[in-house]
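Shared chain: subunit A. Partners: subunit B in the first complex, subunit C in the second.
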Partner chain A sequence: MLKSMKPSLLRIFWLARLTFLEAVRQRFFAFLIVLGAAMVLSSFAFRFLDFGHGELKFIADFGFGGLFFFGSILALVMTAQLLFAEMDNRTALTLLAKPVSRTEFLLGKFAGIWIVLGLFVFVLSTLLGVMLWGRWQELVILAEQTAKVAPQFSLEGVFSHALLQWFRLGVVTSMVLLISTIARTFLFAVVVGAMTIVAGQLQWLAQEALFKPAELNPFSHALLWLASRLLPNLQQFNIGDALALDPSAVATGAVSAAILSGGFYLIAYLFLASLTFQRREI
Partner chain B sequence: MWHRATWLFAGTLLLGAGVYSESSWQKIRPSVPEIGRKEIEPSLGQGVLLGILGGLRNIIADGTWIRSYVYWEKKDRAACEALMRTACALDPRSRYFWENTGCVIGYDMAHWEIRRRGGYNKVTREIQDEIFKKYARHGLTVFEEGVKYTGGSPSLLISAGQLSEIKLKDSLLAAEYYRRAAESRGAPWFAYFLCAKSYWEGGKKVEAYLWYRKQYIEKLLPMEDGSPDDLNHLRYFEEELNVPFLQRIPRQKWEKKI
Partner chain C sequence: MSATSAISVQGLTKDFRVGIRGLKLRAVDNLSLEIPRGQVFGLLGPNGCGKSTTLKIILGLVAPTSGKISILGYPSATSSARQRTGFLPEAPYFHKFLTGRELVRYCARLSGVAPSQLDSAVEEALALASMSEAGNRTIATYSKGMLQRIGFAQAIVHDPELVILDEPTAGVDPVGSAAIGKMIHSMRDKGKTVVLCSHLLGQVEQVCDRIAIMDRGRLVLEGRVDEVLARRDKHVITVEHLTPAAQAAAEAALQAQGAHVTSITHPRRSLEDLFRELVTGSRDA
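Entry: the complex of A and B
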């Protein structure tokens, strides 16, 4: 089976490679990675402004926030832009005239963008990890000298969070791809995509607020249940603080469960996107 | 037919992902104590939304805290409390937010209400006391919540004890808080004395002496300086209770003769 899939996988690989090269050459990517890095680095200087948080917590929160915020913008804008650019410049038509299926085209785009996002997450997480580790070493020595309890820190936790963020951005990318295959304009795709990300981040909150079975009729209950399953709960990928600074607070298998959940959503959205893309006029 | 089946399969796949996501969220939810609908509800419109979207919670908590001071200066009870509670909700592990929120509610807000009702000359002494007690109890619930989230911070317990003592005039309740502070990790040396003093003032003199004596022998005496101040307090208790000489704490080599 793998042998019969080999040509298809090869085409997806080449498309992903092209998308990756196109994406990393964009000024937008460079701009966001510089901005993200600046935010991570500046957290060290701003740590004195906080009110009684642990110093490491402040730096970590600032860094994870930058990763989340700029990563989301990158995934949203880059995905919509790369797909619409192919269609507006008619290069998609040229590509699809060759023996490349629409599903392969879409998967190639996704894979290329996801690798770029992986690079983004890796660079910022490494920077943040180095900063946190360096400061942690200093704080441990300081704690020894003053006979205080040293703060906890796990470098492994920083990279577990990076992996979670990569999957979160993968889910966002696949969602935006689905929206882009339906949308007629780039602006519509970006606006709806942004709203979907916000909705995904607040999905758990809506569930807690609205799911009061006693107050709902069965129809509303079923509708809410369905809506809350179709939209991913993106909040489950934001446990960086706990992973890096208090690993014991994270339940065993929680990270792998979140990754698996992200993986399922990613596959489901890509499958749906490929179905809608089949019907799209280019 | 094939086409419909594909769509059906895609829908089922998405629903399956949603159902699995629910179980994974149950595993992750306990490690994210920052967020709770109830706590952030009063100030959702104040820019806090950004904070719960992911990351940057500390920054948003700090901003919210600074903003709460604007309302503190205006003596706007509702807005000030809502923002302070939001800062606590966004960063519940920070003792600073809980301690100051509890103190502002417990000490300041009663004065604001008395002024709002016409001032100290207009509001009778009894009603003033009622107001002070109402806000002190409210402040204590904040401290209790903070103790839960900070893993039993002794500073918060001591603040709760002081509030009970100063505003509720309840020495025994204060003693309970000081005792919890003294028994928690990283307890300050003065927590033992505060606890014994409150029991003593609450009328439980024998209990105060016995508890203080036990703590002194087990924890304070082995300290580097032998805790001479605590021993002095214990000697006073022994005198007052007329404890027989042989039953008193043995005289220490370094102890001054009274």
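Entry: the complex of A and C
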């Protein structure tokens, strides 16, 4: 079966490669990676504003926040921009006139963007990991000198969080790709995509409300039920501070549960995007 | 469908929905067409007559409202049909950061050219498009004529049986147009079928074996160029060194046989031919 799929997989690979090359050349990508890195680095300077939660938690929250925020913007804008650029500039005409199916075209786009996002997450997470590890070393020595309890830190936790964030951005990318295949303009895709990301972040509220059905009227119940099924719970990916600073607080299987649930939505959104893109007139 | 057809279009209709109320706009109206293999076929018509839409439907880029299309015996829009088809879009736009050679190589890979044949296929396509030397320059630095030529190279790199060219000479100067005309002829000489749509009637007349004219989505004429253009009731005789006495004698002889001389003029060459004679060097080279 894999042998028969080889030509298709190769085409997806070449499409992904071109998408990757195009994306990393964009000034927008460079701008956001510099901005994200600046935010991670600046957390060290602002660590005195820790509100009593400890320096490492402040640095981690600041860094993970930057990763989350700029990563979301990058996934949203880059996905919509790269797909609309292909259609508006009519490069899609050249590519789709080749023996390339529309599903392969979309999967190639998705894979290329996801790899760029992986690079973004890896660079910022490495920077944050190095910063946290360096400061943690200092705090351990300080704790030994003052006979205090040293804070916990797990470099592995930082990279587990990086993996989770990469997955979250994959879900966001597939979601925006679906919206872009339906949308007629880039602006519409970005606005609706942004609203969907916010709704995904708040999806857990819908889930919680559904636990109290007595407080809901039938319409609200139906709406919340639908929202909680159509949208992924993006909040479940934001457990970076616990993974890095207090791994014992993370429920067993939380990471794999988030990846499984995210994977389901990612595949479902890509499937729907492929269906809607079949009818799109280029 | 004829077994020798490169493209067979039967009863093709395409309606576009426009505006909020979804009013129907008929771009192609019950078009039936058989394009034979191994010929250069020109699809002509004014702007908005539906020729580009027809090409896009043939390539599977736009879905028809009704009708059947097959390419080389395969249903259009299938991978088998596209594997055997090359396409140069109107005013082609490619990823500017690639070099011409990288673009052609990329298109060869997407079209399934075997790795062992990749280098030779790319170089052959570049050579045919006269782009071997400029192949290492980024596409951003190319002139309009070079863009068309590199577009032609990417369309033929996988050695397709059918090449579809949408306005291949739009915005290209006469020297560049002549170069594209040569490429089209060389494709025909290799036994390929070339379908092109163009506004430049003079050039179509020079390169096409057959033409079809569309108007308002309908086919109004189809046939061999020499057949549709010939005026069977009139003749042209070209004579050198015609003196007034010889002219008078010839007219008298023709009239004696019942023929009637309507005009005697000097033959003209086309402005395009004169331009090409004077401007010998291509600026793109």
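Everything that follows uses one rule, which is that the second predicted complex is superposed on the first by the 269 of 282 C-alpha atoms of A that agree within 3 Å, B and C clash if a C-alpha of one lies under 4 Å from a C-alpha of the other, contacts with A are read in each partner's own complex, and residues count from 1 in each chain.
Keep this in mind: a residue touches a chain if its C-beta (ideal position, glycine included) is under 8 Å from a C-beta of that chain, and two chains touch if they have at least 3 such contacts.
Only a predicted model underlies this, so the values are computations on that prediction, with no experimental measurement involved.
Visitor: Report for A:29: first if it touches subunit B alone, second if subunit C alone, otherwise both or neither.
Guide: In the superposition, A:29 touches no partner, neither subunit B nor subunit C.
Visitor: If you stack the two complexes on chain A, which partner ends up touching A:250: first (subunit B), second (subunit C), both, or neither?
Guide: Only subunit B; A:250 stays clear of subunit C.
Visitor: After lining up the shared chain so the two structures overlap, which partner does A:136 touch, if you call subunit B first and subunit C second: first, second, both or neither?
Guide: Once the two structures are laid over each other on A, A:136 reaches no partner at all.
Visitor: When the two structures are overlaid on chain A, which partner does A:114 contact: first (subunit B), second (subunit C), both, or neither?
Guide: neither
Visitor: Have a look at where A:258 lands relative to subunit B and subunit C in the superposition and call it first, second, both or neither.
Guide: A:258 sits against subunit B, while subunit C stays out of touch.
Visitor: What's your read, subunit B or subunit C touching more residues of subunit A?
Guide: Higher number of touched subunit A residues: B.
Visitor: Contacts for A:68 in the overlay, against subunit B (first) and subunit C (second): which applies, first, second, both or neither?
Guide: first
Visitor: Would you pull the subunit A residues touching subunit B in the complex into a rising list?
Guide: The contact residues of subunit A facing subunit B are 49-54, 57-58, 61-62, 64-69, 149, 198, 201-202, 204-205, 208-209, 226, 228-242, 249-251, 253-254, 257-258, 260-261, 264-265, 267-269, 271-272, 275.
Visitor: Provide the residue numbers of subunit B that touch subunit A in the complex, in ascending order.
Guide: For this pair, the touching residues of subunit B are 6-7, 9-10, 13-25, 27-32, 35, 37, 49, 52-59, 61-62, 65, 91, 93-97, 186.
Visitor: If we count contacts the way the header does, which residues on subunit A are in touch with subunit C in the complex?
Guide: Touching subunit C from subunit A are residues 7, 10-11, 14-15, 18, 21-22, 25, 89-91, 93-101, 279, 281-282.
Visitor: Could you list, by residue number, the parts of subunit C that touch subunit A in their complex?
Guide: That would be residues 56, 59-63, 79, 82-83, 85, 87, 89, 91-95, 97, 106-107, 109-112, 151, 154, 164 of subunit C.
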